[in-house]
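Have a look at these structures, which come just after this line.
Presented sequentially are two complexes of subunit A, the first with subunit B as partner and the second with subunit C.
On to the complex of A and B.
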């Protein structure tokens, strides 16, 4: 047990808290409230159930749950909800956080340790929150000769790029933030940003270890991008589309991993390299070059990079599921909603609460298919993530030249074999028009 | 989503800056990390990029790999005879890659 910092004064801490609250309230009253009213004057408020949504109506919705349901329904279909909560940032961040916890516990079990144990009574379940609080309350130290704007911006850009990657993933039928026709090309474009951000962060730190780590990251990510791109060509040839939702729909009978196992294996290996996971964690090799390109990052900057890298891990695993394991497709295991709740309402004690808009909500937005698809998607993604973090307890780190030789000679050869398998399946009539599909 | 990522993460840095201690500044604190030693020389030194040919190869083959997507996504509509030129393209790509890999293996010319 360590003591709290010796100069810590509770009165000083409370004073700083009160100071912050005072300034926040003052700024909110002087600038925030006028801004809210200006925005309310300027924007067109939505019409819900034939009524214009005024602030007074919105307040009256709060006390009457029956009138609130159309508002919730309207909110669930907006883009803002998609970006912030469900297929977007909130969902991905939640999964990423649980991945961090599961990884720490699993590594501990593999190495005969206990792992996080004390924080939060039950198996250290609040450890992550404690770590987050620790990181956010630590001082950010920037090296004296660093390029400060880039050094501050790089972690934020890292998280934002990972978030842009998450936006491309279709989680359930129709539930995707950016449903673009060239989804796969957009994915390659987003992937191309990660080495740039890494080398920017490494260069701006003006220190030797981050620089070496950044160079290694550049080599590794750039050379594994070609096998990554080529290994997905087989799927595109068999489906004839680059849209990720359509690729998922094409796998309703069987996943592509059945026919293109080589492509799936190559994609998995390149995925490990792009994520800097253990057989290929040269850019942050902690036993050679302190922490690689993360050496000079401290406090919340480091926390942001960690968040970004786990968002990226989730997005890659989800992309593997979408391309090779059939995405949301799976047997229907979610039970149908009880008729009574939809038509009559919920019985709570002496009263029966009748919810009018519930029927359209449950049959249009939160459907049985959506819940089932999400469940299958999350189960498959969890399985892929398990196989991504498993090598960390098993394999040693490879050398740079072995890594580059693997990427350039062997994986690219396997990619070409995969392309010819796909071409053979198509031209022999097994798949494609007239074939199984 | 990219914009939301920036908008959501920048406050984390601002809050961190607000609640974290910033005391007792001294020159040693802001030196670059070199495992406890006093750093010698510049941070951005000349660094031997031994595997430079791979970066050169990337510039060429990334573009060629993307060209294949234009063919792959339209393959179901194309007649079978349209595959022959692509086979030729793949052969050129494969030969060029083999040559480049051979040259990159000759370390002493780099």
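On to the complex of A and C.
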């Protein structure tokens, strides 16, 4: 039963709509269009197929798919597409969002519950969107004695650092935002920022529980960074490079987890600790220190930290795939694009639509290898994420002293065993730099 | 394990002479105390996910707790005073409020006491029904306690499983009494209602399944290496200290003292059942968390035996005579073994319809006294594990 406001009048409603449309049009014509043209005056327009892409030409391309394909091709090769959409932030955020949903449903099944169910009709698939809207609409409350600039900046920095981490991940051959020769070193540098941001956020809140949580996070991250770095030395020794794309290529025959299982296990455990996942969620231990270093964060500041931590989760899982599971390498399962469409075009009743730029698009940018590599990468990453989520259903939280004991004595010892295995493989001639020989 | 009680502990509130008449007096914990610069005072509660309806004033030096001052009383509602203004029957619904999860057991000593004052004999069938109700309620309470113990240790599965399995027994109690938690089932002279038809079969089936389920908790919780590493040898309460601090129930039995009111002073028909009194020697948090879980298995055994031995017919309640001519002042003290320990009720009657005085001696408050001794020198991460292992229910302690 719908309830209409008692003084509701249809004519008044339509009039208000028309008024809104009138004002929107007026503001767009008087302010919006001049602004668009001023921007267009300032930027360099791309040249596609020998023609300058003016706004008029771009609009005319929209009705002609034959001429649209070169524009898409040009856009796919720009840096901005790589940073924003694929394989950068958009791709990672999409995967992170699906991880949150899968985690909730999986934990619910493990704990004999239903989990998100109502939002979005089908199994609560829109729950995350609802939560996001709720967080955005919440008031941001800042403690009176907080150091306000740092308190505001810390969640933003957290997401930015996580996004920088994502930029290092090669998803498919040639598809990486920052393909640098010191990729692994850059990764070590990026994860070094997280404890600093955490302690900044915790300290600036000027509150007791965030402070304890921040100190715990600092303990945990610093003491687990050492086994984290040492566990990857074996891979670096065997491949002889720090470039993540080259490390992936070196695993075309065998993933390194076959030869370096101890390194993989150590890296996985340290990954759980760096991500503050159960059983290492001491910085956010609810029953001891409320929500740890997140206690004073509210509204979208909290949402940003959550987004950042799930981006970080994706990035760590992807790094595990790249270093130990062979990255994009895998049997070719994506079928080839039908030749007929490229050569003869698509028959649409009486007309035959020929797509001219399609061949160069398919052979240069969206190749079969790229699609196949992306598919294998996503599948492997999903598998690793599954194993990252799983301990949350089975383990309680560990204590600080047990955690530090694990990090400083046991894991570092295992790291050295792993390094000796790598050295043994190297000097016995079984494997050499550059992969299986 | 020390045999001597650590008497050198001084609680934060006792260190300072409290002068409430001065204008800048503040409650303990809020007042600025001159302490070492290294010491940080934490108010755990009452708005803290790990406290319950109470406050723990904790002083920490780094990660070590140097002093703990429990501050209960946030949910005090004057049950004992209220009881003096209501007659013996209208006292029943509000006396079970302190522990609604264990509402049969908290009414049990009151009902036994009133029966002794009146000098009436309860029908045999009602005695068995009371045992069934009390044992099911014990399991309901322990499941709730166990769920919170799980989430206090960060084990979310152990929060969800007991909360879900508890529904089995709540459904049973709903069939038996008509209410899910606050049953008001025990009345002086018997129980309020007889069993519904076919209850015995349903009860046996549910309890068998329940027993199977709680055995599965060992795999996910009690045998978990991380749980053992967290709770073994933390908060050790020796046998002598447990007796001298006056703890009771699972805390006392986890420290190696075989004291179960059902065994030592059998009330109603508890002497007819074959069950064990669970005792563990260690006295640490792990033992204290394991004793109630083993208790539940014994409760299941008692329920099954009671379902076999119960007389198949007969009345479940004797009529009370209005305003029995009393003998002047008369007192009675009865105690039972509740989910948390021995729960006593002391009634002073002056031959009027209302009690002259009613005193509840609750196990929660007696177990809480051990907390400052156990927490001293522990790490902050052990605080929830030790605190909730004391089988403490804040609302019951405040009454």
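Quick note on the criterion: the second predicted complex is superposed on the first by the 390 of 437 C-alpha atoms of A that agree within 3 Å, B and C clash if a C-alpha of one lies under 4 Å from a C-alpha of the other, contacts with A are read in each partner's own complex, and residues count from 1 in each chain.
In this text, a contact is a pair of C-beta atoms (placed from the backbone, for glycine too) under 8 Å apart; a residue touches a chain by one contact, two chains touch by 3 or more.
As the structure is a prediction and not an experimental result, all values here were calculated from the model.
Enquirer: Considering only the touch criterion stated at the top, classify A:208 as touching first (subunit B), second (subunit C), both, or neither.
Expert: In the superposition, A:208 contacts both subunit B and subunit C.
Enquirer: Scan A:392 for contacts with subunit B and subunit C and give back first, second, both or neither.
Expert: second
Enquirer: Could you say whether A:113 touches subunit B, subunit C, both of them, or neither, answering first, second, both or neither?
Expert: Only subunit C; A:113 stays clear of subunit B.
Enquirer: Could you let me know whether more residues of subunit A are touched by subunit B or by subunit C?
Expert: After superposition, B is the partner touching more of subunit A.
Enquirer: Between subunit B (first) and subunit C (second), which does A:278 come into contact with in this model arrangement: first, second, both, or neither?
Expert: second
Enquirer: Would you sort A:287 into first (subunit B), second (subunit C), both or neither based on which partner it touches?
Expert: In the superposed model, A:287 contacts subunit C only, not subunit B.
Enquirer: Touching A:400 in the superposition: subunit B (first), subunit C (second), both, neither?
Expert: Both partners, subunit B and subunit C.
Enquirer: Per the definitions at the top, what is the overlap between the subunit A residues touching subunit B and those touching subunit C?
Expert: Of subunit A, residues 208-209, 212, 290, 400-401 contact subunit B in one complex and subunit C in the other.
Enquirer: Can you list the residues on subunit B that touch subunit A in the complex?
Expert: Answer in residue numbers: 1-6, 8-10, 12-13, 15-22, 27, 29-35, 39, 42-45, 47, 49, 51, 54-55, 57-58, 61-62, 65-66, 68-69, 72-77, 80, 83, 90, 94, 97, 101, 104.
Enquirer: How about subunit C: which of its residues touch subunit A in the complex?
Expert: 40, 42, 48-50, 63, 150-161, 164, 220, 224, 226-227, 229-230, 379-384
Enquirer: In the complex, go through subunit A and note every residue touching subunit B.
Expert: Residues in contact with subunit B: 5, 16, 20, 83-84, 88-89, 135-145, 152, 155-157, 159-164, 166-167, 177-178, 184-185, 188, 203, 205-209, 211-212, 215, 218-219, 222-223, 225-226, 229-230, 233, 236-237, 240-242, 290, 295-296, 299-301, 303-304, 307, 400-401, 404, 408-409, 412, 416, 419, 423, 426-427, 432-433.
Enquirer: Flag every residue of subunit A that touches subunit C in the complex, lowest number first.
Expert: Contact set of subunit A toward subunit C: 107, 110-113, 208-209, 212, 278-279, 281-282, 285-290, 392-402.
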